[in-house]
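Across the two complexes that follow, chain A remains constant while its partner is chain B and subsequently chain C.
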Partner chain A sequence: MKRFRPDVDAPEYHGPYAPYDIIKEGTIAFLVVAILVVALATLFGSPDEQAVTIRTWSNADPIDFATTALGELNGTTITAHYGAPYNHGSLGQELGPLHLANLVGVTIPVNPIQDFIIAPLSSVPNDHPLRVALAQWHAAPRAERATWVARYTRAAAHMTWSNGHIVVPATRTGPLGVMINSLTQMARSGALDQALVTGHGFYTTDYTKPLLFVADGTYFANLAKHQHLLGAQWGMMNETDSYPGQAWLWLYTFWYQVPPFSSSPNADVQVWAIMMLASLLLLLVPFIPGLRSIPRKVRVYRVIWREHYRSL
Partner chain B sequence: MAGLALLAALFPLDHLGGYIHWGWVDISYANAIVVALMVIVFVAALLAPFPGHGRRKESR
Partner chain C sequence: MSSPDIERQWTTRLRHRVTGHLPPEKVLPDTQPAYVASWIYVFGVTTMVALSMVILTGFVLAIRGPLWWHTSGVGHYVNSLHLWSVEVFFFAMVIHLWGKFFMAAWRGRRALTWVTGVVTFLTSIAAAFTGYVSQTNFDSQWISTQAKDGINATGAGSIFNVLNLGQMLMWHIVLLPLVAVILTAVHVVLVRVRGVVPPFEDAPPEKP
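Right after this comes the complex of A and B.
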């Protein structure tokens, strides 16, 4: 006869049986949860944070918006350096010798200068000064554009918002003053939000570009910090305001708080790899000697079925 | 609007909450309460007797 192997073989059951109505239990569970949901929603409500758009951002902080737009022209923003799947700005995060995002390639091409600045401005109708400015930009050689941007950037530290206009004390910056001001006006009217989501087929639900643009500024990050939602604040498991959040994501966000991940430029891919490994271990528990014996050795099952074990 | 006011939460949570800081642990009071409730439910599930257990007729 084959030897009985604990954790692998199931012993034959010789105890008593009892009828059990699983439909009844399911119905009771559903009703209890439904009553709890209605009662808790009545007591506490639910999060209803207004979406942050380019319009709200540029009205709340036009200087941050204009500075970010300038950063797009400079190629210094997060989007400009992101790499795959948006562009070739960098190789992306690395896991050992692997650049995982780069392996997939640029599947959602985003050119910040063209997509965030030039294309939206080109869609503005009946604006002669802007049309002249764009023509000057297109006609200029790359080196001259870079000189304009560099001069504008040097003076941008003294940028002010005055009488509904961005004012930068800089000269010989070509069309940049008109372009940045027009883009800011466009943003404040809400037209830039619209310009960045249209042009992707019949349904305009692709918010990739406005989201990337908003994330390049400091306004959105400051809002997130205020609401305790940054990665370094265990933000993944938090909700806005005083609502409870996704507490079950504690292990995922835990890794971001401890070295070496807390200071690693590759933390996202490293934490992802650890969690995939942990998930694999969980999935394979029945096949891993030692790990699969834990429930048997901890003997919690004897607490649950204590009456049965007492009668043995 | 009066009808909508009736639907408003009795204890709205749409204001910034507090956080418990303990070393590198940083958890909101709301999350801590939910975690504590989950632990209580887990322990209750272990220790509470099965409902109607005494009334069940055993059969083979």
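Right after this comes the complex of A and C.
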């Protein structure tokens, strides 16, 4: 006869049975939950903070917008050196010897200079100075462009917003002054929002490019900080205002708050690896000796089935 | 057609198999073992009815499209119902899960019931997440731009682009709910087939 394993096998039940109306139970449960949900929705509602557009960003903080656009040109933004799946800006995060994203490769190509700056500016009609500036940019060798960008970047610390224009005290920066100003004007009119999302034709539901661009600026992060949404503030499990958000992601978000993950450049892939392992352990609890014995050893079941044990 | 021929039919075999494992008295039981007498058992059915509320409110939100709730008071209220259904759903499901853990509810050939429950839990997390990034407001912008780094770092971002609203919305309203509902159905059928796990018998009776 096969040996009885208490954490794997269940004893045959020969005890009494009690009446059980499954339909009545389900109906009552539905009514209780419905009343609870209606009460919570009526009392607390739900958050709906308006989305940030490039137009609202560039009107609220044109210098941050122009600085971000410059960052795309000089390669200092997050998107510029992101790596896969967007570009070859870096190898991406590593898990041991593996750069997982890099192994899969660039599948959603985003070239910040071309996609965020040059292509939108090229779509602006009837702007002769901009046409000349773009022609100068295209005609220049790569080294000369880099020199313009470097000079403009050095002076950008003194950037001001004056009479509706971005002013940077720099000379010999080629077409950059016109390009940055034109892009800022385009952004403030709302045209850049459209130029970035309509990259795939008339219909689109893909907001990858405008979201990456907006997230490169500090304006967006500052708004999130005020709403206690930064990574160090338990990040994306929260919602705006004081709503509970995705509280079930607490363990995932927890790892980002503690060393070594709180300061690791590879925190994302490390935390994901931990959570994948934790999920696998949870899934396979019935098959893992030791883990599957925990319930029998901690004896919480004595509380759950206390009526049963009293009746023995 | 002779009787043996009918008995060999796939349909007949399937019917015998289904009714053998799941006779009507198991599908709609009118009694249950006396040990099923704890508040913890409430959370399984609570999870299911909260899921039905999530789906019902989601249906209403789907009628006028993803942007309706921003411009309509009724739409916003339905969105609130949807949100709080989700909160109640996860609250009940997590308690249900821990309750089943402490009962070691996988015992007695019930491992598949546990596995389908955990997969349903993980699928529900993904379903809720895709909902949060499909809200078309500041929350969805922020959550998606933060979450992309984790998903991209695993390599999964190449096919699961959280910044693509259309893709996320499709996963949220079609793929993941379908999987969650099918898994829930399988989970419930397994519970009905195997029954509720009996208490440990190695525990000595409590002394009065």
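Criterion: the second predicted complex is superposed on the first by the 308 of 312 C-alpha atoms of A that agree within 3 Å, B and C clash if a C-alpha of one lies under 4 Å from a C-alpha of the other, contacts with A are read in each partner's own complex, and residues count from 1 in each chain.
As a working rule, contacts are C-beta pairs under 8 Å (C-beta built on N, C-alpha and C of every residue); 3 or more make two chains touch, one makes a residue touch a chain.
Owing to the predicted nature of the structure, the values given are computational and were not obtained by experimental measurement.
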item	value
Which superposed partner A:109 touches (first chain B, second chain C, both, neither)	neither
Touching partner for A:242 - first (chain B), second (chain C), both, neither	first
First, second, both or neither for A:214, with chain B first and chain C second	second
Touched partner set for A:300, first chain B, second chain C, both or neither	both
Contacts of A:164 with chain B and chain C, given as first, second, both or neither	neither
Partner touching more residues of chain A, whether chain B or chain C	C
Touched partner set for A:85, first chain B, second chain C, both or neither	second
Partner chain in contact with A:234 - chain B first, chain C second, else both or neither	first
Partner chain(s) touched by A:16 [first = chain B, second = chain C, both, neither]	both
Chain B versus chain C as contact partner of A:7, first or second or both or neither	second
Residues of chain A contacting chain B in one complex and chain C in the other	16-19, 41-42, 44-45, 47-48, 227, 239, 243-245, 247, 300, 304, 307
Complex contacts: residues of chain B adjacent to chain A	8-17, 19, 24-31, 33-35, 38, 46-47, 53, 56-60
Interface residues, chain C side, partner chain A - complex	28-38, 40, 42, 45-46, 48-50, 52-53, 69-70, 76-77, 79-85, 87-88, 90, 94, 99, 101-104, 106-108, 110-111, 114-115, 118-119, 122, 125, 128-129, 132, 135-147, 149-155, 157-159, 161, 163-167, 169, 197-203, 205-206
Interfacial residue positions of chain A with respect to chain B in the complex	16-19, 41-45, 47-48, 226-228, 233-234, 237-239, 241-245, 247, 257-258, 300, 303-304, 307
Residues of chain A touching chain C in the complex	6-13, 15-23, 25-26, 29-30, 32-34, 36-38, 40-42, 44-52, 84-85, 92-93, 95, 100-101, 103-105, 107-108, 204-208, 211-212, 214-215, 220, 223-224, 227, 229, 231, 235-236, 239-240, 243-249, 266, 268-269, 271-272, 279, 282-283, 285-287, 292, 294-296, 298-302, 304-312
